[in-house]
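A short worksheet on the structure shown next.
Here the chain labels run A, B, C and D in written order, and each chain numbers its own residues starting at 1.
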Amino acid sequence: MIEALLVATLAAPAIFLAAGFVGSWRTRALVWQFLAPAPALAAGVFGLSHAPVSVDFRGLGLSLTLDPPGALLLAFAALLWMAVTAALWRDGAPDARFGISWILTMFGGLGVFIAGDLVSFYLLYALVSVPAYGLFAFSEDAEKRRAGAIYMAFALFGEALLLMAFALLAAGEPHGSVRIADVMAALPVSPWRDAIIALIVAGFGMKLGLVPFNGWMPLNYAAAPIPAAAVLSGAGVKAGVIGLIRFLPLDVAMESWGNALAALGFFTAFYGAAIGLTQQKPKTILAYSSISQMGVIAAALGLGLAAGDAGASGTMAFYGANHLLVKAALFLTLGFVASGARLSGLSLALAAALALSLAGLPFTGGALAKLASKAQFATGWPALLATLSSIASAMLMTHFLMSLTALPADAAQEARRETPAVLIRFWPALVLGALLLPWFFADAPGDALSLGKIWEGFWPVAVGVVAVFGWRRMGRSAPVVPAGDAIVLYECAFARTIALGPVFETADARLRQWPAAAASLLLIVLALLVAASI
Amino acid sequence: MNASLLAGLVGAALVGLGLYGLIAHPHPLRKLLAFNLVGSGVFLVFGVVARRGAAAGYAFDPVPQAMVITGIVVAFAASALAVALILRLAVASGGVSLDPQGPAGRDAGEME
Amino acid sequence: MSVLPLLDVGLALLVVAVATWTMAARDLFASVLGYVAYGLLLALVWVRLHAPDIGLTEAAVGGGVTGVLLVTAGKRLDALKAATSGAAPRLRVKILAGALSALVAGALAFVVASLPTPAPSLAPQAAAAAAGPGAGLGNPITAVLISYRAFDTMLEKIVLALAVLGIWSVGADAAWGGAPAPLRKARPDGAMVLLAQILAPIGALIGVHIFWVGADAPGGAFQGGALLAAMWMVAMMARLVEAPRIGSRALRLALISGPAVFLAVGLAGIAMAGSFFAFPPAFAKALILFIETFMVLSVAVALPMMVAGPPEGGQEP
Amino acid sequence: MTATPATTPGGFLLVLAVLLPAGGVLLSFVLGGRAAGKIALGLTPVGFGLACLVAMKVAAAGAPIAYAIGGLPPPLGIALRADGVSAVMMVAAAIIVAASAFYARAKFVMPEGAPESRGALTFWIMIQAIWAALNLIFVGGDLFNLYVALELLTFAAVPLVCIDGRPETLRAALRYLLFALFGSVSYLLGVALLYGLYGALDISLLAQRVEAAPMVWTAAALMTAGLLAKTALFPLHLWLPPAHANAPAAASAVLSGLVVKGSFFLALRLWFYVLPGLPTAAPSVVLGALGALAVLFGSVLALRQARLKLLVAYSTVAQIGYLFFVFPLAAGAHVWSPLGWSGGLMQVLAHAFAKAAMFLAAGLVAEALGHDRIAGFTGAARALPLTFLTLGLGGLSLMGLPPSGGFEAKWLMLRASAASGQWLWSLPILGGGLLAGGYVYRILAPALADGEVEIKARPQRSREAVALGLAVLALALAFAPRGFFDFLEIGRPSVSRSAP
């Protein structure tokens, strides 16, 4: 049963991809494509209520695994993909480049949660990273192309780091197995343990937007059309979360690494919020909010690693799953607001609740997520920093809501064009779903309804909201920081590196002159001779 | 010093001379001569090996000698092919330079 | 007893000196002439190394045919006035080149001087095999070439055919199928014609003889073919005969007949003697002579065609 | 390999695999004209079948198959021997030759009644000769016989470079020929020394006899340098970019995909089959370091090319560099050596298919657009979807992204570098992938972007499909089962040297 579901999770998007290449099937394949994540949803729901399973297909060297953290993220991601896909293709056949990128990203974005061995994880992770380029970068617009190039550079660089990490992991496994469970069991005694963890943190940190690898995300989300931004910010980024969950040895206490990651995470959380507050475009603000939230997740996982607390994977999967729904719904909110639909009090309240869910507003899924994270942020400086980060989130999301109200006409028009009509029509339902769904999957949702917890969740939100209003009231304006902040420096450094090209060209031209090449031939003879003799 | 050692030293000297020509002579025909010098030096080494392998009533080991004959044929064919290319290059481009004069790294020219 | 070593040393020094001249001469043509002389001297060295077969080959190819090839090339280049060959390298490049080649040559000299004694040799095996696979051949080198290492020789003849095609392929499209340019543009004078008329038949006879005795004495298919080729070239230079058109079916058949017959007999070996490129002992010698006949033909045709160059005529692209 | 008898059942297939295309050469030469193309095309399925038969025989025996030519075993006779890698390379060569020949029909098959043309005859004969030479290189057991095969390869490859007769192609061909000649003569000198030392040139006999002696190292250094010159390993790549970029696309595919692998294959034979018992760590590092420089220079130069074919050619310079990591990563008999060996061979195959596919696709692009300037590609993917898909899939393999043979190769090599503690090699392996990402991006990003290009001639579907098929094969390598890697180990000498 579960084997079939896991295989179908991978097979269904592949079949829809293939069907898209057959001319006569294409239209129907698109109409029904929203069913492609259905097996994933079923597998996710199944996995939540069952013990972890692992399935090996020896002939293919493929191994699939389903455990509660992965299952939760899988189920939520599948839901998101279904909802957005169903709406997207109603408006007609897409640009082929976009369509292929979409289904490939979906394939990777679902599969990565169930990959059980290094090679298939790497493949699916690459699928969720690389094809996403096609969702936003094929454009006349120079800014979008720039965003695409930067995105691609980070994606490939992250892939390279992970490939090295995986190679070291595999090399540390004495029996030549590449199953994740096996290589992780061997990690604590691996001679390259520290290098592996550093590479893992850096590699997945690029996907999560941890400082200093955060610069691509604001550019990406600003360039992506709203449905793409919704799935990328919701489901796509969670590939990084599952990466850290899978590849950090959370059950082994590693204090220094854990604390370092926690520090990096908290720094990212505040940095993202602070820079986000200086931004004006709603999509950019949401991107910085993602950076900030991923910082919180990294911090919690870091503390889990420091304490040897394997439970952190479950709580952070929940935190991530909540963010998955909320962030996607927030992008759709932008489309809804831009559509010019009449904003009733109810819809304003919904939008506000959704936004502040990220800060842990009581009665939202965010409150549950915050509660879950208490396991890691229980006491001491982590508790304080977590509370401060809630305040920061509340400030940032208030800033986001205010930016929605002051949407320039051209931005509104663009957002309207990007958002499928169905999503606008069903927006309230989607938001309610995002707010309420987590309640069905939380461990002890009742806890969040105690008065103490409600107050605990409420006051940081209130402080944050008031702070932003106060700031505005004082008429102070934030300094201007370019979207992507430090990315500008990277681009300068890159330009410098590119300027080295002619040096190589000249050297190559010299070496390819006959006398140099002929002399090289003799030098190689002598070098080999000397090398062999010593 | 016996004849075969002497021939071996001559072979080494010829190889050295040819290699010098390989690096230092810009004219491709001179490089071709250099190649033939190196080639005959190498054949002499084969010859030395053959002479030293005299046994079983033969004054030489026939196997390396046969290889030299094969090698000479191949070297001649190579020279002839190179000569044809050199002449054709001279006709087509008005020069026989091996190293393009144009900007660095762009010698392959444009398609059109 | 003491004269021969002295002669050897003198010969060695002379060879190296001529080779040095070839590399050092300023004038291209002088260095080509130096190379021709060098080839002839080298033939003597081979004789001193008890390698008369190679000596014959070197004299015919190294001195003779290569000489004609290079001299013709030099003349044609001169006629084109296409002298730009790139700048001469700077002094430090020359010094570097000298140092590097001296190092390699030194290493080689050291290694050659330290070849092991007693030297390993396949001569005993070759002698033993003479009773078997190489049946009936008194010249062990011919046995190696046609029997023990038949595969090498057959492939080498294919290389020869490929080189001919490669040379033709350098020509202009419009000239395809036509004849190569004559080896000498000018009409030869009477003395040259007379010389050729006398020399060519005699040389051809010697060539056939060298091939025929090659089974047992120094000589063989390649040497014989090379001499025939040289005689054909003499005749071409005297304009007694013209080079054939490259589209000619007969020419192409002649070019590949050597390797083709070799290949066919080699394949038939599995039926006749149970193995590819094996000869049944009863008529090994006859088969070998049969193959060699066609090889002589191929060599005799291939070498002049290579010297003659690509077909001429038609428009430059 | 020492246990292999002189002739095994099925050994005659090896002789046929060489003689079949060789016979095709001779026949084409005589019949000329239209017949040459027919012969070449007709032989490809037969040759492919032969290669598959050889692979099946090797797999069935679980050991190399061999043939002593003329029934005379080495050292006096010549032996052919096919092990796992030989068989795999023969199959790959047959596929790529067949694909290129099929692709070349449009250009080189002459219409009924047309006179024989220079380009066509040259192409059809030379491609068969290359095939014969490669098969011999893959199965040759005798170092001098392999020298003849190398020369056959060079003589067949050079005319293909200058088949269109432009001055720059002539110059490229001449550079290639002269440099390759010095390479072969260097190889031949090494052969002479080995014979002088051991009185044998058979690879398995030599493997039993060699010892670490200065003369062996001299011979190995000379032979290796000669082979590197023919493989165009940096800094001996002076001839490659212009030669591969200016040959007709079908020829470039064979030259870049296969011909440079021929001499590389002999370098493998030398270090892993003739000298496996000797301490080769230090020279291996020299070779690996040259490979790393090749990766760096080739990739950076590829990034800076304005023309697609030159970009692809420089990418070959870089990818050749990867091949040489096999020397440090597979040396000796360690637990990690098989990883490095598999990785190296996987790189050979992945690059062969991917690069052949990319050159064929580049040829189609140039024909369709009338140029191959990358700056003029904007929007071209919409007009030529299959061709740019081919370039993309081939590029995927070059970048080492999964699922592709290129990824599999990097993955295995990285594991070997980690397990052997030689982690420094992982830097060029990963860095080269990133740079490859850069140059593949340079091709694809504009092509996929919005824009209009003028199509001069629409390429035939079948030719696009051939190129795409090769690219798909490069990807399919990623799914090679474990048994494939075991197959590659068949006949590879273990380092514990068997008693003579």
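The rule we apply is simple: a contact is a pair of C-beta atoms (placed from the backbone, for glycine too) under 8 Å apart; a residue touches a chain by one contact, two chains touch by 3 or more.
Being a predicted model, the structure only gives us computed values, none of them experimental.
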Inset, instruction - Sort out for me whether B-D or A-C is joined by the greater number of C-beta contact pairs. - result: B-D
Inset, instruction - With chain centres defined as mean CA positions, report which chain is farthest from subunit D. - result: A
Legend entry - Rounded Å distance between subunit A and subunit C, as computed from the means of their C-alpha atoms: 71
Legend entry - Chain centre separation in whole Å, for subunit D relative to subunit B (CA means): 25
Inset, instruction - Quick one: report the Å distance separating subunit C from subunit D, using the average Cα coordinate of each chain. - result: 31
Legend entry - Whole-Å gap separating subunit B and subunit C, where each centre is the average of the chain's CA atoms: 13
Inset, instruction - Hunt down the residues of subunit A that sit against at least two other chains at once, touch-wise. - result: 505, 508, 512-515, 518-519, 521-522, 525-526, 529
Inset, instruction - Can you tell me which residues of subunit C touch two or more of the remaining chains? - result: 86, 89, 93, 96-97, 100-101, 104, 107-108, 112, 115, 119-122, 126, 148-149, 152, 156, 159, 162-163, 166, 170-171
Legend entry - Residues of subunit D engaged with two or more neighbouring chains: 76, 144, 148, 151, 155, 158, 162, 165-166, 170, 175, 182, 189, 193, 195-196, 199, 214, 218, 301, 304
Inset, instruction - Counting only chain pairs that touch, give me the topology of the graph as line, ring, star, complete or other. - result: complete
Inset, instruction - Going by the contact rule at the top, pick out the subunit B residues touching subunit C in the complex. - result: 1, 3-30, 32-34, 36-37, 40, 43-45, 47-63, 65-70, 72-74, 76-81, 83-88, 90-99, 101
Legend entry - subunit A residues touching subunit B - in the complex, by the definition given at the top: 505-506, 508-510, 512-515, 518-519, 521-522
Legend entry - Residues of subunit C defined as touching subunit A within the complex: 86, 89, 93, 96-97, 100-101, 103-104, 107
Legend entry - Interface residues, subunit A side, partner subunit D - complex: 59-61, 96-97, 119, 122-123, 126, 130, 134, 137-140, 145, 148-149, 152, 156-157, 159-160, 163-164, 166-168, 170-172, 192, 501-502, 504-505, 507-508, 511-514, 516-518, 520-522, 524-529, 531-534
Inset, instruction - Name, in rising order, each residue of subunit A that touches subunit C in their complex. - result: 514-515, 518-519, 522-523, 525-526, 529
